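Submitted below is the structure of interest, expressed as structure tokens.
Chain lettering (A, B, C and D) follows the sequence in which the chains are written, and residue indices restart at 1 in each chain.
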Amino acid sequence: MSYSRDEFLITAIARLLETDDVRHVAVGAASPIPGAAALLARKINGGTPRVSLIHGKATNPFCDGGREIFDAAGQGRIDVFFLGGVQIDGEANLNLVGTGTYPKVDKRFSGSFGSAFMYFTVPKVILFRPEHSRRVFVPKVDFISAPGVSDADVHRPGGPKYLVTELCVMAFDKDRRRFRLISVTPGRTLEEVLDNTGFKFDIPETVGVTPEPEADRLALLRSSVGLEVADTYPAFARDVLGVELAA
Amino acid sequence: MTNYLADIDALAAAVPDGALLALPPEYSFVPMALVRAIIRRQVRDLHVLTVPINGLACDMLIGAGCVKTVECAAVSLGESGPAPRFSAAVESGSVAIIDSTCPAIHTALQATEKGVPFMPLGGIIGSDILNYRDDWKVVDDPLGQGHGRIVLIPAISPDVAIIHSPLADRDGNVWIGRRRELATIAHAAKTLLVTVEKIQDESLLASEATAAATLPGFYVTAITEARMGAKPLGLVEHYPADHDAIAAYASAARSDEGFQAWLQREVFTAREAAE
Amino acid sequence: MTNYLADIDALAAAVPDGALLALPPEYSFVPMALVRAIIRRQVRDLHVLTVPINGLACDMLIGAGCVKTVECAAVSLGESGPAPRFSAAVESGSVAIIDSTCPAIHTALQATEKGVPFMPLGGIIGSDILNYRDDWKVVDDPLGQGHGRIVLIPAISPDVAIIHSPLADRDGNVWIGRRRELATIAHAAKTLLVTVEKIQDESLLASEATAAATLPGFYVTAITEARMGAKPLGLVEHYPADHDAIAAYASAARSDEGFQAWLQREVFTAREAAE
Amino acid sequence: MSYSRDEFLITAIARLLETDDVRHVAVGAASPIPGAAALLARKINGGTPRVSLIHGKATNPFCDGGREIFDAAGQGRIDVFFLGGVQIDGEANLNLVGTGTYPKVDKRFSGSFGSAFMYFTVPKVILFRPEHSRRVFVPKVDFISAPGVSDADVHRPGGPKYLVTELCVMAFDKDRRRFRLISVTPGRTLEEVLDNTGFKFDIPETVGVTPEPEADRLALLRSSVGLEVADTYPAFARDVLGVELAA
């Protein structure tokens, strides 16, 4: 069964959400792929995890204003959140601010959003960055919006657990402060990953292949789950999943 | 008591040069018609605080030369990409940037809401944001209960905050729905200017159902009607965002020349038609 | 996910001996039917936190021997006068009293809501309350901006909080109207038990108007229906307080004998009829 | 025109609210006399001050939960509030907790409520205690729920300004830390005030007489203002003002 890159990424992320410790997945603004993955995982597991899409409609449960998602994370009520970055380095430091010398950077991006808090409070942060290049995955970020690891005297129940790109899935080892390659996308190679990654990471003896999207999950994505996605991301559901809400 | 003003320019006149101006986030009742009126007034040297993020309004104010400093967790046009005038201004150094993070901005306003000089917030330590915030302070757990280091965020009290709402009544009460960050902004601001789609005679406090969605009038300085006052952004359950118009802005504003032409056409020339 | 329980005794079974139990104020959705069920279970050694004050529920729990410690800004039956079992128990020393003040209790819950170990609060310094609060700490303005001394209030995280609401839906969402202290209690509590007049099929999040009055389901541990579940207290827009019944309680509870007879009659014997 | 003690107290308090610095008067639970006074002052002054009765119906503007009245006071948005006490001493210290030795007091009362905060934050706190006796007005309170004065290094924009009892009206002098008698209730004497006050206070050369209720204000209280009072305090409006809402 043929599939698109985005469908592949959705199922790759969904697999990371199908564990018992994941009861509540929150997804930030304009993140259709993680959002679709969370909705798919919920469907597969019969209702868990709870999925909260900020700016979602039926899927936005927040009623206490913009503060609530951060408060809820601080309370330990959010198990999974997604972050990305203009730059990500080998210690999982994230840069969402800009490249060059701060503050008068060469290229300015939006800003750190809530990363400097959510990265500390959500136990299972999944780093998601489709583009896998040395432009993104650098030896050292130019600006740390949110650090990958913290000293022992900083209260930090949360942090990075996985990195998902178009080329591979990596896990982050907090104690070694390094990523470890888990699996490579079908049709891509370890060499490609090495060539396109600017930081050192651990490579196991046998590097797996990320499973292709299961037929049943693609079917769900293109039907019932697709409709749930369309409720919040209509353009994405139409263009990527071929699903449109009845007008 | 809340003043009911005849037109939006009278409201814009209440925003002085150099004010600390708080803007709500893109999805939350942004008073775009009022922002255009502020630009037409050619207000200068604003310290814009985005609560906690903003996009179109902040980018337009920067491009129009109204802004000296931007304090934000992010400025972005969302699906329409980066905020071009914001990025250009930060890259050139023509506006001063004070980077923050979403919960720190909420926390600073909560401190003012509570009448305390600061509030603690978790996380942040190890972020380069902290290195450029001389106003933030890291302390060891003052209760000595082994929590470790924590950041103290000083209170922020905006001189002026501006919002657009679907509905107000004649006692100054304003409907904010579940957008409770607007209540925190209002509680923390010295002056709150509000545009609304409609002013109704019945009090919003007449039933518990509407009271739950209401900002009380004693926080509201002035109100005026501005139909479609959030356009081209959306107003939940009233009208959707005009994504084509926002995309057109994003492409026009890629250059200063493009932005200035857009500004003349959409804000100055179109004034009579628009507002 | 929120559990929907068949009866109120199953809900009461979730309150363990020794729990830190948060009670809402008299005018705010007090789950009296659940309080009676908790008394029938003969729960012991509760640390009752009134948020920030309470009356009938707290007085009954004390009289019934369920309470080891009361932490409160006040316990009063309002128009029906002082809370007799509370006063007697404090005077005799049979319960430990931890005096507080309304905003300090709100602040302690806000700290937990925010995930921080403490929050500052103005005032208080010079009050004897402070002399008996080893857990509160007075510090000099840590930002060194001349604010002077200020009190740091440590976070409180109730083991269990209980409320009664007019309405819930099938996703665990609960209507709280403008009683936003219930949201703070819910955010801060480890377990939230809710009784409601009615459970409806339509989601409370289906419209912005009802969402504004809603506590999201992910804070709600368990729900059961309890018609007239706040009686003899009132439930806004549903039924008024039964002042005669409260006055009858106030006079019966003047003595322990009178209270015990009232308890037998109104809580144990009347159980089937009442709930 | 004859009047009751409560009507006299209402007009005596209302006079203290008719100054330009009073834009917002908040009244706590179960305080019908101060509440009626605030509503009377608002009527006389054509809409100012704004009157917020917690637990009021049309007159309760608070929509942010029990915290809001304290937050608003901390923001400086409340100009007048009323406090009482089981005991009040000559330095305006308030005891709402109990008499005897704390914590195992001889007689326990409800508790301090929000006094330990509102007394610090509201610029014009009016102490209201109809009963004027040595039982209430003591040399030193047994327990300080809220102190009358504070050291210079404590941020305190608020504090006591007046004391109103059935016998007299006093003003509080923060710098002298003493009350000063202003006027005595018609038909009562300075000697009565002295005999029934357990603390020392300043006495001006000429002690005024508290004005009797003006006829026009009694008329308002027994009609339009009475109806507003009845909205929150029906029993009080019926028994004291002879006003009942149409059922």
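The criterion applied here is as follows: a contact is a pair of C-beta atoms (placed from the backbone, for glycine too) under 8 Å apart; a residue touches a chain by one contact, two chains touch by 3 or more.
Owing to the predicted nature of the structure, the values given are computational and were not obtained by experimental measurement.
Peer 1: Average the CA atoms of each chain to get its centre, and name the chain whose centre is farthest from that of subunit C.
Peer 2: Between subunit C and every other chain, the largest centroid distance is to A.
Peer 1: How many angstrom lie between the CA centroids of subunit A and subunit C, rounded to a whole number?
Peer 2: 40
Peer 1: Using the average of all C-alpha atoms in each chain as its centre, how far is it in Å between subunit A and subunit D?
Peer 2: So the centre of subunit A lies 58 Å away from the centre of subunit D.
Peer 1: Subunit A to subunit B: how many Å between their CA centres?
Peer 2: 29
Peer 1: Using Cα averages as centroids, what's the distance between subunit B and subunit C in whole Å?
Peer 2: 36
Peer 1: Could you say which residues in subunit D touch two or more other chains, in rising order?
Peer 2: Where subunit D meets two or more other chains at a single residue, that happens at 62-64, 74, 121.
Peer 1: Listing for subunit B: what residues touch at least two other chains?
Peer 2: Residues 114-116, 121-122, 147, 150, 178, 183, 211-212, 214.
Peer 1: In graph terms, nodes being chains and edges touches, is this line, ring, star, complete or other?
Peer 2: Other.
Peer 1: Run through the chains and report each pair that touches.
Peer 2: Touching chain pairs, listed by label, are A-B, A-C, B-C, B-D, C-D.
Peer 1: Could you pull out which subunit D residues touch subunit B in their complex?
Peer 2: Going through subunit D, the ones touching subunit B are 24, 47-48, 50, 52, 58, 60-64, 71-77, 121.
Peer 1: Would you pull the subunit C residues touching subunit B in the complex into a rising list?
Peer 2: 107, 114-122, 137, 139, 141-143, 145, 147, 150, 152, 154, 176-178, 207-214, 236-237
Peer 1: Which part of subunit C faces subunit D closely enough to touch in the complex?
Peer 2: Listed in rising order, the residues of subunit C that touch subunit D are 25, 27-28, 51-53, 72-76, 78-79, 82-83, 86-87, 90-93, 97, 99-104, 106, 110, 121-129, 132, 147-150, 178-184.
Peer 1: Using the touch definition from the top, list the residues of subunit C that touch subunit A in their complex.
Peer 2: Against subunit A, subunit C makes touches at 1, 112-116, 173, 183, 187-188, 203, 205-206, 211-212, 214-219.
Peer 1: Enumerate the contact residues on subunit A facing subunit B in the complex.
Peer 2: Of all residues in subunit A, those touching subunit B are 29-30, 55, 62-68, 70, 74, 96-98, 102-121, 143-147, 150-156.
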